[in-house]
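So the structure is just underneath, and the comments pick up after that.
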Amino acid sequence: MTVLFSVFLLTLLVITAIAAVQSRNLFVSVMLLGIFSLLIAANFLLLDAADVALTEAAVGAGISTVLFLGALALTFEREHRPTPHRWLSLAVVFAATLVVLYATFDKPKFGDPGAPVQVHVAPWYIEKTPEVIDVPNIVTAVLASFRGYDTLGEVFVVFTAGIGVLFLLSASHGHAAQRRPHNGDESKIGLRNDLIPRVVGRLLVPFILLFGLYVQFHGDYGPGGGFQAGALIAAAVILFALVEGEERTLEAIPRGALLALMVSGAMLYGLVGVAGIFLGGEFLNYSVLADDPIAGQHLGIILIEAGVGLTVTGVLLSIFHAFAARDRF
Amino acid sequence: MTDLSMHLPAIQVVAPMLLAPLVVLLKPRGLAWMAATAGSIMAFLVALNLAGQVLAGADVRYVMGGWAEPYGIGLRVDEFSALLLLIVNGASAAALLAARRSIDDAIEGDRQPLFYSAWLLTLAGLCGIVVSADAFNIFVFMEISSLASYILVAGSPDRRALPAVFKYLMMGTIGATFYLIGVGLVYMMTGTLNLADMELRIHEVADQRPILVAAGFITVGLALKAAVFPLHVWLPNAYTYAPHAVTVFLAACATKVSLYVLLRFDFVVFQQNLVGHELQFTAFLMPLAALAILVGSAVALFENNLKRLLAYSSVAQIGYILLGASMISVAGLSAGMLHMFNHALAKGTLFLAVVCLATRLATFDLREMAGAARAMPWTMAAFVLGGLSLIGVPGTAGFISKWYLVTAALEQGWLGVALIVVVVAGSLMAVAYIWRIVEAVWFTQPEGGAAEGGTASMNEAPLLMLAVTWAAALANIGFGLYTSPQRELAEKAAGALLGQLP
Amino acid sequence: MELLGIYHYWVFAVLLMIGFYAVVAKVNLVKKLIGLSLFQSAVFLLYITMGKVSGGTAPIFLKDMIDPVFSNPLPQVLILTAIVVGISTTALGLGIVVRIKEEYGTIEEDEIQEIDRR
Amino acid sequence: MQVVLDIISWVLLTAGGAFVLVGGIGALRMPNLYTRMHAASVTDTVGAILVLGGIMLQAGLTLATIKLAAILLFLLITSPTASYALANAAMIAGVKPEAGRAPDTEHDS
Amino acid sequence: MYYVVTIATLVTMALALVRAVLGPTVYDRVLSVNMFGTKTVLLISVIAYLAGRPDFLDLALAYALINFIGVLAVLEFFKSRTARRLQEQSEREEN
């Protein structure tokens, strides 16, 4: 039965994708992209990928939508003209699809426990995790320890995007930029002048923050971890910004603090790695962090997850503010 | 004190990477540059040390987090990666040393820490790709280096850099995603991400369609990132409009690292296991390489913008490297690898000279550069040396690799003769386009009359910049006369990659 | 069951095509980025699909589990990283688009080329 | 006792499913924005109460029930708020309740 | 019984999707996105229970929350757009 649910969701997925590409209103495309994210996340859940589902929902439906909206607010909402027919590109796309379809036929069967991916490497993780790391969530164990170096790279990708957007949007305004009437917080229209969303929003923000912390520190036991928590906390602050206004949010958490979050998170992760070297192990070897290797692993995982969370929160909020501030200059 | 020497492969990547967040905080003027330069020079010393170890016969390996491969992520430095590490770190250090004035002109002081941070991240990403022994880890570091290099290119005050960098981003992401698809398919069939482990396990499934498709996706994706003709469309604009110092760095090493991954993946994982793959590889890449040489050089012949001319010349030079590799022989492959090194030297010198020129010139249009050499004779002299090396005049580094390329081509019989014709034609065109520049800057009278050109006093670039440029120029001569270290690295690397081939 | 497996991969292929089409054929830069997101999502689907074991469950130990069958955690880890990479690329791309709009007053590729040619 | 609980929860689940479906049909078939909003938001809340309530009965007194209650509470707070904000935004933008269509500026697809 | 609910939810998601594609106003689309989000929350709750994994309920909570914030962000975007339009209108009238 779940199989049929999957098929149904996948079909909806394709329809959503087509609609998102077809629509000439970019805003509609962005909203459909949000739906697309929810759908693909539900699919991930059906395919047993709970952590991925959580991340995809938080990132795709939440953060990505907000970022796209921020960019649309600064640019245009509509495509100017219909897509020209570029036959060459269509041919390339078509060829690529045929190639991919060609590959489907020799693939191992769906869900086959004897497939190469299930018999090599992966069983080792499942078998060894309780023994050498002892956290219930194997995904967290692999992410933070066995392949911790990848995750370090991931944190620095996020960090790079953060400084990239800050760098780009700190440039002086170009000649085609037009000054918009400053209507930000004085206008009578906007959520911050709406009683109900404002009250509800303010009520919810602390709970969302709490939930974010739960996801952060519960990541060893269930779906969650630093990245998801960072996205959720950032979402909570964005909600605060929506109902209370940019200025109040920046008063609460100034840009400098966000930059400090970014830097300190990345450095925390790096320093945990370096500590491994100085305590006699390899880079990112957490076992040497404490007398007992397993306690060391636990400590290391908690620290690096905290680093991930800090960086992600800092970067996402910095990017959000960078877009929002560009609107009113 | 812990003995750090065994951790060098990790330090090579991690040191610049961890320096990057700190650099962001260095607001006072010039401090960010100093920190970045110091970090980059240190990374270069690490690379030298690693290369020394490799030349001495050591097999440098490192396991991250203490988890054995293939469960954890391993790092490995062999001859090929040592060569690339030298190129990447050398280019970064030289470019940064020369960059200060040039970057001061291009970017406001308060944005500079972000810029230098991105620079270090690019460096760390490129090093990370080179030392990694894990297919997915390569993807992650590829993305770090790509994202950071987009930032670098977008630092240019020229607004045309923005569409260029957008195109670069699109193409780069498509390339990386193709690579990811390919890795996914290989993983699906073998169950492992470790390159060495893949090599062992791919035997059993080598004849199945997903592997074939994976080989295609990985090759195309990386060719896109390496700007192999005809997938080079992002390169000319990105190089032309990037800040000058960034062009030095990226032109010398960014595409070569993608090429490195392409060759490594192909030779280690696919070549010896897939039936008929050699033939496909040659049939696919050799014509493209030849076309790249011919078309790239031909376009450069008619280009009027100095930087763009050099960018198209880069497209042609990538062709030479690929041509060597596509012969699938030790001689050809080592010629290609050698050319990576020598081209980085030559193109680095040329673009360094461009950085110097940029301090005094407002335009790079050849028609308006008349007499520039009178004002900046030292700069232009270095430029000419770099140009000679690019052409492949005996006595310069460029000659060595072309000589090897021709020798390798001779082994190929009649096909080789055709290849030699291509190489010679490319070199002749190089002579022509370098001559166009030389003619414009040395021999043409500036139109504004004698007031500007004739009596213009020497107006050279800042000393440090000039010194770096000349050091690079002299290195072209030096490595042309004394070739052993890099040749030994290239030959051993080629032998190692082809070692198991029948 | 077999058909379903193929269906997953076909959806992957179709999504890949849709995203790729948007990237290469659309002239609006934001639309290109939307296409890029779809394109990357398709790859996520490929990875997660191959990690599924029939009758398996998410690779998280619960207290009262007896001899559980887990789906493969490794592709999930890889895709977590890939999702983060994807959003980073999108954010940076949007930043560039905003700058392009400020400098050129348009975000249509052909119009930008037109302006540059002048 | 268990049987009674089962029956109640089945009834709740079935009713919940029906409400959800009715809401969906309503959102599709109603003539204009505000009527659609009615269909969607009423069943959003009732449907959620019934479905989550049904599962809660099945789960018994466990951590799962507490989590479900939290989700339900959250939905009950946010759903009407979102509806209100939506109606408010639409009204300010000039979407008229009586007209089937919005003004031309908003009309797009 | 769970299947009944699941199927009903799935069908409703499809209907909401149709509404999102059809429009006609952007507010209709926001409405259907919101509906889609809450239905996903229900779907995940049911799946979590079906799969015997109560820890998935965290996901449902996260979805509900993200969905709410997403919808508010979209509405804020539209309100500021409306505000800008009204302001321009009033300026035009003054002139």
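Letters A, B, C, D and E mark the chains as written, and numbering starts fresh at 1 in each.
Criterion: a contact is a pair of C-beta atoms (placed from the backbone, for glycine too) under 8 Å apart; a residue touches a chain by one contact, two chains touch by 3 or more.
Here the structure is a predicted model, which is why all the values come from computation and not from measurement.
Touching chain B and chain D at once are the following chains: A. In terms of the distance between Cα centroids, chain D is separated most widely from B.
Of the two chain pairs examined here, A-D and D-E, it is D-E that is joined by more C-beta pairs in contact.
Farthest from chain E in terms of Cα centroid separation is B.
Measuring from the averaged C-alpha position of chain B to that of chain C gives a distance of 29 Å.
Separating the CA-averaged centres of chain A and chain C is a span of 12 Å. Chain E has its Cα centroid 21 Å from the Cα centroid of chain C. Within chain C, residues 16, 20, 50, 57-58, 60, 62, 74-75, 78, 81, 85, 88-89, 92, 96-97, 99, 103-104 each touch two or more of the remaining chains. Counting partner chains per residue, chain E has residues 13-14, 23, 26, 30, 53, 55-56, 58, 61, 65, 67-68, 72, 75, 79, 82 touching two or more of them.
Chain contacts: chain B has residues 136, 140, 143, 147, 150-151, 154, 159, 181, 187-188, 193 touching two or more partner chains. In summary, the structure contains touching chain pairs A-B, A-C, A-D, A-E, B-C, C-E, D-E.
Touching chain D in their complex are the following residues of chain A: 23, 25, 28, 78, 189, 191, 194, 196-197, 200, 203-204.
Here chain A touches chain C in the complex through residues 3, 6-7, 10-11, 13-14, 17-18, 20-21, 26, 29-30, 33, 36-37, 40, 43-44, 47-52, 55-56, 59-60, 63-64, 67-68, 70-72, 74-76, 79-81, 83-86, 89-90, 92-94, 96-97, 100-101, 104, 107-113, 115, 117-118, 121-122, 125-126, 130, 136-139, 141-143, 147, 150-151, 153-154, 157-158, 160-161, 164-165, 168-169, 171, 173-177, 221-223, 227, 312, 319, 322-323, 326, going by the rule given at the top.
Remark: chain E residues 51-53, 55-56 touch chain C in the complex.
Residue ranges of chain E in contact with chain A, taken from their complex: 3, 6, 10, 13-14, 17, 20-21, 23, 26, 29-30, 33, 36-37, 40, 43-44, 47, 50, 53, 55-56, 58-59, 61-63, 65-70, 72-77, 79-84, 86-88, 91.
On the side of chain A, the complex with chain E involves touching residues 1-2, 5, 8-9, 12, 15-16, 19, 25, 27-28, 31-32, 34-35, 38-39, 41-42, 45-46, 50, 53-54, 57-58, 61-62, 65-66, 69, 72-73, 180-181, 183, 187, 189-191, 197, 201, 204, 208, 211, 214-215, 218, 221-224, 228, 232, 235-236, 238-239, 242-243.
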